[in-house]
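Please find the structures below.
Each of the next two complexes has chain A plus one more chain, namely chain B in the first and chain C in the second.
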Partner chain A sequence: MDAQTSFLDKLFDRGILHSSGVDGLYARSGAFEDVIRRFEDYVLKIGEGETSEAMVFPPGMTMADFETSGYMKNFPQLAGTVHAFCGDNHGHMDLLECMATGKDWTEGQKRTDLALTPAACYPLYPILARRGPLPEGGVTVALQSYCFRHEPSKDPARMQMFRQREYVRVGNADEAIEFRETWKRRGKEIMDALHLPAHVDVANDPFFGRAGKMLGASQREQELKFEMLVAITSSENPTACMSFNYHMDNFGKAWGIARADGEPAHTACVGFGLERITLALFRHHGLEIENWPEAVRATLWG
Partner chain B sequence: MSTAETVREIVAKHGKLPVDVGSIADDGDLYSAGLSSFASVQLMLAIEEEFDIEFPETMLNRGTFASISAIAKAVDTICAEQQAA
Partner chain C sequence: MDAQTSFLDKLFDRGILHSSGVDGLYARSGAFEDVIRRFEDYVLKIGEGETSEAMVFPPGMTMADFETSGYMKNFPQLAGTVHAFCGDNHGHMDLLECMATGKDWTEGQKRTDLALTPAACYPLYPILARRGPLPEGGVTVALQSYCFRHEPSKDPARMQMFRQREYVRVGNADEAIEFRETWKRRGKEIMDALHLPAHVDVANDPFFGRAGKMLGASQREQELKFEMLVAITSSENPTACMSFNYHMDNFGKAWGIARADGEPAHTACVGFGLERITLALFRHHGLEIENWPEAVRATLWG
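Let's turn to the complex of A and B:
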């Protein structure tokens, strides 16, 4: 049995996660959620003094904003869109007939105005754009969202539905880059406080296809993305538990977010993979939270 | 038409540059002229189609598409290898 399946089975056996029958879709126990809550409180305290406002998003975003994000250009294989039955009585009978006979009943499903949110900060940008030009000095938003990525896996650290907590900086290029550098440093301090062995490395997003190879290489060459890597189910392929991203003015231009001087905003974000960090804690400190190192418990539970 | 001249035409058509391609020298930096990452990918696909070649993964990076002469050099290298094979 490989390390991924074995760790996942242990989590199921202890009731920390509960299987749904589909890889990457799990129920979380109270203990698991408590760790997530404590970690979020801890991270929120660190950025408290610099945050303009906080938002929590539902797991879906508008189809129009999803299209504007450009996600389908880069990651069509990971996206999920919401479709629903929009037929009449006759269509309903056909649907039930298909279900009863084991045929594909989803053919008549029609697109709705919703897509599943692929990255926690996407729903923020159109909200900021609608407000008009940013205040002088830009804004910093603390946010959280459930995200979806279609990548079923036995690796418990690669879920299809998971939460990202983020801080997003929206301002000029210098402000965005300074923010990212600050959080790279703080990210390591957080990992040290949690006694998790971690290191930062330059990274690229999993862009689709051959074109994606080029986009990935370009992203690395420009050092736009860094990840905080922790070994969870493999030391050769450690898991990205945080990411530190500078988007240049891509989102500022895509959504039309203007700075106070009228120029397109530059954005940066730090993302915390809440399930991944929690899994890293269980992996490194054991499945019994009571037995975690005192210093780690003190960091999280105060 | 030389490779560089053909490449120049493709850059004009697919590069989505905010400036006139005629104002860019063969060795001029296309990124500083405004070539976006996404446009560079479209450029890559258009060049593959025009010359009937496939860029190897080792060439799929910013350097390969940094200038008209860099692209032309990559195309010539791939064509020479295909003929030799």
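Let's turn to the complex of A and C:
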């Protein structure tokens, strides 16, 4: 805890991040953003020739697709839904009165058609499903999105709103698994190029509740998800800066994405936690970008 | 309406935007994003020497600062608040049952400490206030944020989630007004360089309800806010692609930003609607970027 708060305070002091007053919600400085942009460009170059198309998503997704994803069942504590005022003039008067007297005016807010996106690749699947069967050989999409996780924390590497850059592979089982293995290897090469000490391990997602314990155990047993771990604020609990996921045909079935042969698509993705990787760079190479190792600077700005 | 739907359909057909199934929520293609990035670089270059610092905000702000902004009083219909599940194991069972039987499970969602940001400059003011009195001559900040407005529409230029790039001037009244006038002039030069037919007019914000009519009239009368209008889907109702705002000392007082002499700061901002400007370029120069006028391409990619 102390190491987390102390790193966060240093980031605030140097103006690399700015406090909002709420844990996990920070303004990014120009320097922080420049690192993110350079890292994205670097990763985009690595997958350049293999990608069918690129997309960027807004920070929200449709409530219907959010429900289809199953996220609310497994991680309800982390999800966020968007609510709005839907009243008339009379309701507006009540709202103003509520605010003036310090009552909780948010109880009048109604659900909208939107949820905040919990994982960057979710909005892709319904778009692919609507196009009809995949071309032979499937597709590989480069994408980026803000994501939301409701887990206020003093750990700067655990933000409530952060960006994930991803490559997503949609095809058959072999294609999806090969993609994941390729990126596990490349992920390590990227960390080496950035001089960040990192290792891959099976992921341990925080599935909710008693039933969730079994889901987590099953995910680990099947080795569906791996993470690239880097010590940022703790060496005992390193932070997942990349993840390498094989979803089997879960999303293919959930959204109805068919392969050319009519079978449900298998999907895999590699996700890069942009804020986390940037924080790892500041943690390991210092708060002055000018003083980062020459080779790291060449990788990002070269 | 027909012109709006038809332009939106063309953007979908050409894969420039992708439908999510909800009006006003779209995935952006790589080509669309490239235009946004080039436009941002272009605008950043114009204000380069005058800016004290740069920031990028996540798509949400703290509920406390959202309340301070006054947005919920004036535009409750457009605002979005973030809600989350805060139950225990028992609550989780109820949630799962609700979802399984198709009941509205969102009624159990509780408010969090976050609202979606309605205007890109709001998160800046509390950060400045916490620093204490401004330096002599004030500050100028370059910033960017996703913004949310709950107004589903078939008009592609009226998105629910979109990005604003802004310059914000914080100082005394003269400094704020001069800044706004400078950017009104530069805004027109930018539109000329992009070969976009545009004109400046006093803004007409959709203040809510009966009382709101008077607020709108007063805003127009005081000429506090101007907009750069471009015909995108209608020549009778052109779209505001930039705005030039003088807030007097409203935000300085609301958040307690003091000038070097102790008086409340006056603020002004210029906002660039990144999606709207990009859509205006596609509307006026065609859906193939390669065919845009040479001078426009040189301005953005040169």
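Criterion: the second predicted complex is superposed on the first by the 301 of 302 C-alpha atoms of A that agree within 3 Å, B and C clash if a C-alpha of one lies under 4 Å from a C-alpha of the other, contacts with A are read in each partner's own complex, and residues count from 1 in each chain.
Here is the rule we go by: contacts are C-beta pairs under 8 Å (C-beta built on N, C-alpha and C of every residue); 3 or more make two chains touch, one makes a residue touch a chain.
Predicted, not measured: the structure shown is a model, and the values here were computed from it.
J.: Considering only touches as defined above, state whether A:103 meets chain B (first), chain C (second), both or neither.
T.: neither
J.: Should A:199 be classified as contacting the first partner (chain B), the second (chain C), both, or neither?
T.: Neither partner.
J.: Which partner does A:21 contact after superposing on A: first (chain B), second (chain C), both, neither?
T.: Second partner only, chain C.
J.: Going by the contact rule set out at the top, does A:114 touch chain B (first), chain C (second), both, or neither?
T.: It touches chain C, and chain B stays clear.
J.: Using the superposition on chain A described above, determine whether A:185 touches chain B (first), chain C (second), both, or neither.
T.: After superposing on A, A:185 lies clear of both chain B and chain C.
J.: May I ask you to decide whether A:159 touches chain B, chain C, both, or neither, giving the answer as first, second, both or neither?
T.: After superposing on A, A:159 lies in contact with chain C but is clear of chain B.
J.: Report for A:210: first if it touches chain B alone, second if chain C alone, otherwise both or neither.
T.: Touch status of A:210: both partners.
J.: Identify the partner contact of A:77: answer first if only chain B is touched, second if only chain C is, both if each is, neither if none is.
T.: second
J.: By the touch definition at the top of the document, which applies to A:221: first (chain B), second (chain C), both, or neither?
T.: In the superposition, A:221 touches chain B alone.
J.: More residues of chain A in touch with chain C or with chain B?
T.: C
J.: Considering each complex separately, which residues of chain A are in contact with chain B in the first and with chain C in the second?
T.: In the superposed arrangement, which is not itself an observed complex, chain A uses residues 73, 210 for both chain B and chain C.
J.: Within the complex, which stretch of chain A touches chain B?
T.: Interface residues on the chain A side: 70, 73, 210-211, 213-215, 217-219, 221-222.
J.: Hey, which residues of chain C end up touching chain A in the complex?
T.: 15, 18-22, 25-30, 32-33, 53-65, 67, 72-73, 76-77, 79-87, 89, 92, 95-96, 99, 104-107, 109, 111-114, 116, 123-124, 126-127, 130, 142, 146, 148, 150, 152, 159-162, 208-210
J.: Would you mind writing out the residues of chain B in touch with chain A in their complex?
T.: Listed in rising order, the residues of chain B that touch chain A are 37-38, 40-41, 44-45, 55, 57, 60-62, 65.
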